[in-house]
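First subunit A sits with subunit B, and in the next complex the same chain sits with subunit C.
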Partner chain A sequence: MANVQLRQVVKRFGDTEVIHGIDLEIRSGEFVVFVGPSGCGKSTLLRMIAGLETTTSGDIEIGETRVNDAPPRARDIAMVFQDYALYPHKSVFENMAFGLRLRKTSEDEIKRRVGDAAAILRIEHLLDRKPRQLSGGQRQRVAMGRAIVRDPKAFLFDEPLSNLDAQLRNEMRTEIKKLHLRLGKTIIYVTHDQVEAMTLADRIAVLSGGKVIQYDTPDEIYNRPAAKFVAGFTGSPAMNFASAEISSDGTSAVVGNVTVTLPESLRTASAAYRGKTVVLGIRPEDISVDRSAGVDCTLVPARVVVTEPLGAETLVTLSIGGAELVARARPDVSLHAGDSVQAQLASAKLHLFDVQSGVAIR
Partner chain B sequence: MNGGVFSPARLRFFAAAIVVINGFFPAIWILLTSFKSSIELFRKPITYWPAEPTLQNYVVAAIEQPLFQVFMKNSVIVALLSTVVSLVVASFAAYAIARLNLKHRQLILTAIIASSMFPLVTLLVPIFETMRALGWLNSYMALVFPYVVLNLPVCTLILVSFFQSIPRDLENAAMIDGCTRFGTLWRVVLPLSAPGVFTAGILAFVNAWDEFLLALSLNSSAAMRTLPVGITLYQGEFTFPWPIIAAALVVAIVPVAIVIAIFQERVVGGLTAGGLKG
Partner chain C sequence: MAAPLASPTLIDRLRDPSEKTLGVMLLAPAALLLLMIVVYPIGKLFYNSFFDMRLSGGQGSKFIGLQNYADMMKDTGFWDATLNTVIITAVTVPGALLVGLGLALLANLPFKRQWPVRLALLLPWALPLAFAGLIWAWFFHTEYGFINDVWARMGGEPRMWLLSPVSAFTAICLAIIWKASSFMALVLLAGLQMIPKSLYEAAEVDGASKWQQFTQITLPMLMPSIMVALIFRTITALQTFDIPYTMTKGGPGNATETLAMYIHKTTIDYLDVGYGSTLAVGMFVLSLLLTAVYLRHISKQDSA
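What follows is the complex of A and B.
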């Protein structure tokens, strides 16, 4: 088990810089998820930690040792690939034993470790099979088994669930979480799926354009996003955004012809924006159309544009001051397109972002 | 329509039959000839099937002919050595072209293809002069070295295409598991490219086994001749012992047939199936 430290890490492909001086500290035993849209550099960063890509400048340390120039085999890490990357010509047992054999581990020890890992992953009955005889989920387990048996300093996962169907993905996500609780190892996990990031991570690094936009706990990422990009990336449906103008006295934000009262904290933070346009953000669960008015709510007139019953809840798209915002409502809510309602916006849950930079105003 | 005389299936069968008969007729004719006596061979009307089959030609060709076993040994050594060296060198070359960040990769590949375009006869004199300067005339090296050079382009091209078809993540996984670059090539890339390696091996072996011009020109001493050259010398100034030559040819084909039979079993596609998603 070891911590992983990135200091001013830069990656260039020719003249194109794809990773722009990233600083990150991953504590020993921590589960950190790199999340971001495709092309944000999250996989490149992971491959740099693995040693599969060179580091143009900056330092990468694993367990206090600088590994920039060390080949992958010398970094004592294990990696699970998106496409599993099982050796097709070797049995499941040999796939898992391969790394141990290369390290001259004794045959008894190999059998013990492969047996233990197979038991954890419930694949003991598959050890004699070839990868082509396995289902997607089984291959994924074998790939994880191959990583576990090595007992490395850190595990790297590169979008390991993206090839599985939805149900299997949920199952395996739980398995990975259980595995982390059981092994307590440092895990760096790359995904573009914010649900995976939120459910698995101790801390999430949200990347965009080769930079870390926010590195924080899932709770902070969700409730106190540092930028509009982070706010829009997490949550399903994502946070609602509307263009708003801060009133001249700084107590409210005006969306179209609707005035939304700002909480005390945002009034102070947005002092510099009085009379200027900002982006107002609010999550669907913080807009209510089916509850009695709370204490810290702003009541605003709204018109129902469309309702989407999802079984456990209903999503109601509202037109508020010309902006369309989605609200989360009870499944039995009785609303129809065209209905006029009073929507309650939870003042304490409002977010403001700078129009140009997208940085949170707080 | 399907049951008609000229149904597509029948036409396809006849077309295939014509190709097969055309390809195999000389070989079958040599095989049949090898069991006939000289008298029967020239008898009219022609007997297609040996009327009085005899193994005497084989005895004369392979046992009584004092140098046949020497020719056979020379051919086996030259063909095997040149095949092994070709495969080793071509593997490294192909891996470098397929995987490393080489500058001018396309130019290198084009140059390799271009180098195989020269007719052998144009290379004969330079090769002869080189071998003479090296003092390698009348030695195995005189043939092994040029055969390796001649086989390299085709072996390299075959292996490049196989190596490129192997997903890079398999190599990445091997390197993280503890392999060096060479270890990755040896333990993962080559086993997965087995069909390509065997295909290249068969081609290299057959090319070396069949080669006549260089073998005739560079190794003139009787003890260093290979089978193709040795067998042509069975004919005398005024005599053509066709049945004996035919028997020698049949014996000469046997090692090639064995090599192909062994390797063909290994040339199975779909070996990489299942390593990745899907």
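What follows is the complex of A and C.
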């Protein structure tokens, strides 16, 4: 088990720089998720840690050892690939034993370790099969088993669940979380799925355009996004954004003809934006149309545009001051398109972002 | 009163065929063609092998039962030619496989431009066999040959390569390996490109060296392609004709005469169609046996 340290890590393919000087510290035993849209550099960064891509400049350390020039096999890491990369001609047992055989582990030790890993992953009955005889979920388990038996310093997961169907994905997500609790190993996990990131991670690194936009706990990422990009990436449905103008006294934001009072916490920062346009952000659960007015709420007039019943809840799209915002409501809410309602915006949950840079104003 | 249903005539059945009849009708042309160009000649070959059919004498054909087969068993010319063919097969098939594998691995390297490499691989394969034979005959030519030129520059006496049994045989094998390895390489290159890159990455992370990756990933994953290439190559090697024919005409003496050449000589030069057919049946059986061995091996692997 070891920590992983990235210092000013840069990756260039020819003239194109894809990773722009990233600094990250992954603590020993921590579960860190790299999340971001495709092309943000998250997989490249993981492959650089694995040693499958060279590092143009900067340092990568695994367990206090600089590994920039070490080949993957010398880094003592295990990786689970998106397509599983199981050896098709080897049995499940041999797939899992391969790394141990290459390290000249004794036959008894191999049997014991493969047996243990198979028991953890509940694939003992599959050990004699070939990968092609397995289902997607079973292959996924074997790929994880191959990583577990090695007992490496760190596990690297490259979008391991993206080839599974939705139900299986949820199941395996829980399995991976349980596995981390049980093994307590350092895990670096790449995904484009914000739900996976939120549910699995101790800390999330949100990447965009080859840079880390925010590196924080899921709670901070969700509740205190450092940028509009982060705010828009997390949550389903994502945070609502509306163009707003800060009033001349800096205490409220005006969306169309609707005035929203800003909380005390934002007023110092918003003062610099008096009379200027900003992006106002609020999550769907912080807009209410079906509860009695809370203490810290701004009541604003709204018109229902459309309702989407999801069973456990209903999403209500509202027009507020000309902007369309989605609100989460109880499943039994009786609203129809065209209805006029009073919407309550939770003031403390308002976010402001700079229009140009997208950086949070706070 | 309704008229009784007349039983359908043949015309009716053809006009509105059942699925089975339709299937037979659709398959008939292809089946007929196969009968004409595959089954009939092979059948005729077997039939002829039971006759004394010497076209040179003008005495017509005479049924002699298994006499031709008895003659074949005692014919040293047949056994010499068979031995030559087997040696050529045993040398050139593994030879072409090794060279072809090397070429395929080279061609699979990440070159900036792929087409010159592919073209270089394709050229020997696209060349007619007889051309290849002529090219190599010139290479080994005593007075003008490239080989003797190099040999002389290294201080050797010019040699008559194609006129001594061992060196002529070696020269022929070299020419066949050169010609055949490009086909091998093409088949194996296709196989190599089917192997997912992530397997090598997984093996790399698992701790495999380049050589271990080759023996543990590349070779086993390439096995099906290797088997296919071997089957094709073996069958064509058993039929070797053009290259020795153009390089040595079977000489010196009969030292490089293959079975196909012996059959050709018997049938075309000596006009002994009956005995020639018998020899051809012998070659047919030999090919069948070797193919059966490969196919058994493949089906065993599939079920494993």
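Definition applied: the second predicted complex is superposed on the first by the 362 of 362 C-alpha atoms of A that agree within 3 Å, B and C clash if a C-alpha of one lies under 4 Å from a C-alpha of the other, contacts with A are read in each partner's own complex, and residues count from 1 in each chain.
Operating definition for what follows: a contact is a pair of C-beta atoms (placed from the backbone, for glycine too) under 8 Å apart; a residue touches a chain by one contact, two chains touch by 3 or more.
These figures come from a predicted structure and were not determined experimentally.
Visitor: Specify the outcome, clash or fit, for subunit B and subunit C once both structures are aligned onto subunit A.
Guide: Once subunit A is superposed (C-alpha atoms), there is a clash between subunit B and subunit C.
Visitor: Mind working out whether A:197 is in touch with subunit B, subunit C, both or neither, as first, second, both or neither?
Guide: In the superposition, A:197 touches no partner, neither subunit B nor subunit C.
Visitor: Once the structures are superposed on A, label A:71 by its partner contacts, choosing first (subunit B), second (subunit C), both or neither.
Guide: A:71: touches subunit B and subunit C.
Visitor: Looking at subunit A, which partner touches more of its residues: subunit C or subunit B?
Guide: Greater contact footprint in residues on subunit A: B.
Visitor: Applying the touch criterion given at the start, work out whether A:85 contacts subunit B, subunit C, both or neither, answering first, second, both or neither.
Guide: In the superposition, A:85 touches subunit B and subunit C alike.
Visitor: Just to be sure I read the superposition right, which of the two partners does A:341 touch: subunit B = first, subunit C = second, or both, or neither?
Guide: neither
Visitor: In the superposed arrangement, which partner chain does A:136 touch: subunit B (first), subunit C (second), both, or neither?
Guide: Once the two structures are laid over each other on A, A:136 reaches subunit B alone.
Visitor: Look at A:163 in the shared chain and tell me whether it touches subunit B only, subunit C only, both, or neither; answer first, second, both or neither.
Guide: Touch partner of A:163: subunit B, not subunit C.
Visitor: Show me the subunit A residues, by the header's touch rule, that subunit B contacts in one structure and subunit C contacts in the other.
Guide: Shared contact residues on subunit A: 50-52, 71-73, 77-79, 81-83, 85-89, 98-99, 102-103, 146, 150.
Visitor: Which part of subunit A faces subunit C closely enough to touch in the complex?
Guide: Touch residues, subunit A against subunit C: 50-52, 71-73, 77-79, 81-83, 85-89, 98-99, 102-103, 146, 150.
Visitor: State the interface residues of subunit A toward subunit B in the complex, per the touch definition above.
Guide: The contact residues of subunit A facing subunit B are 47, 50-52, 71-73, 75, 77-79, 81-89, 98-99, 102-103, 130-134, 136, 139, 146, 150, 163.
Visitor: Enumerate the contact residues on subunit C facing subunit A in the complex.
Guide: Per the stated touch rule, the residues are 196, 198-199, 201-209, 212, 216-217, 220-221, 223.
Visitor: Using the touch definition up top, name the residues of subunit B that touch subunit A in the complex.
Guide: Per the stated touch rule, the residues are 167, 169-170, 172-180, 183, 188, 191-192, 271-277.
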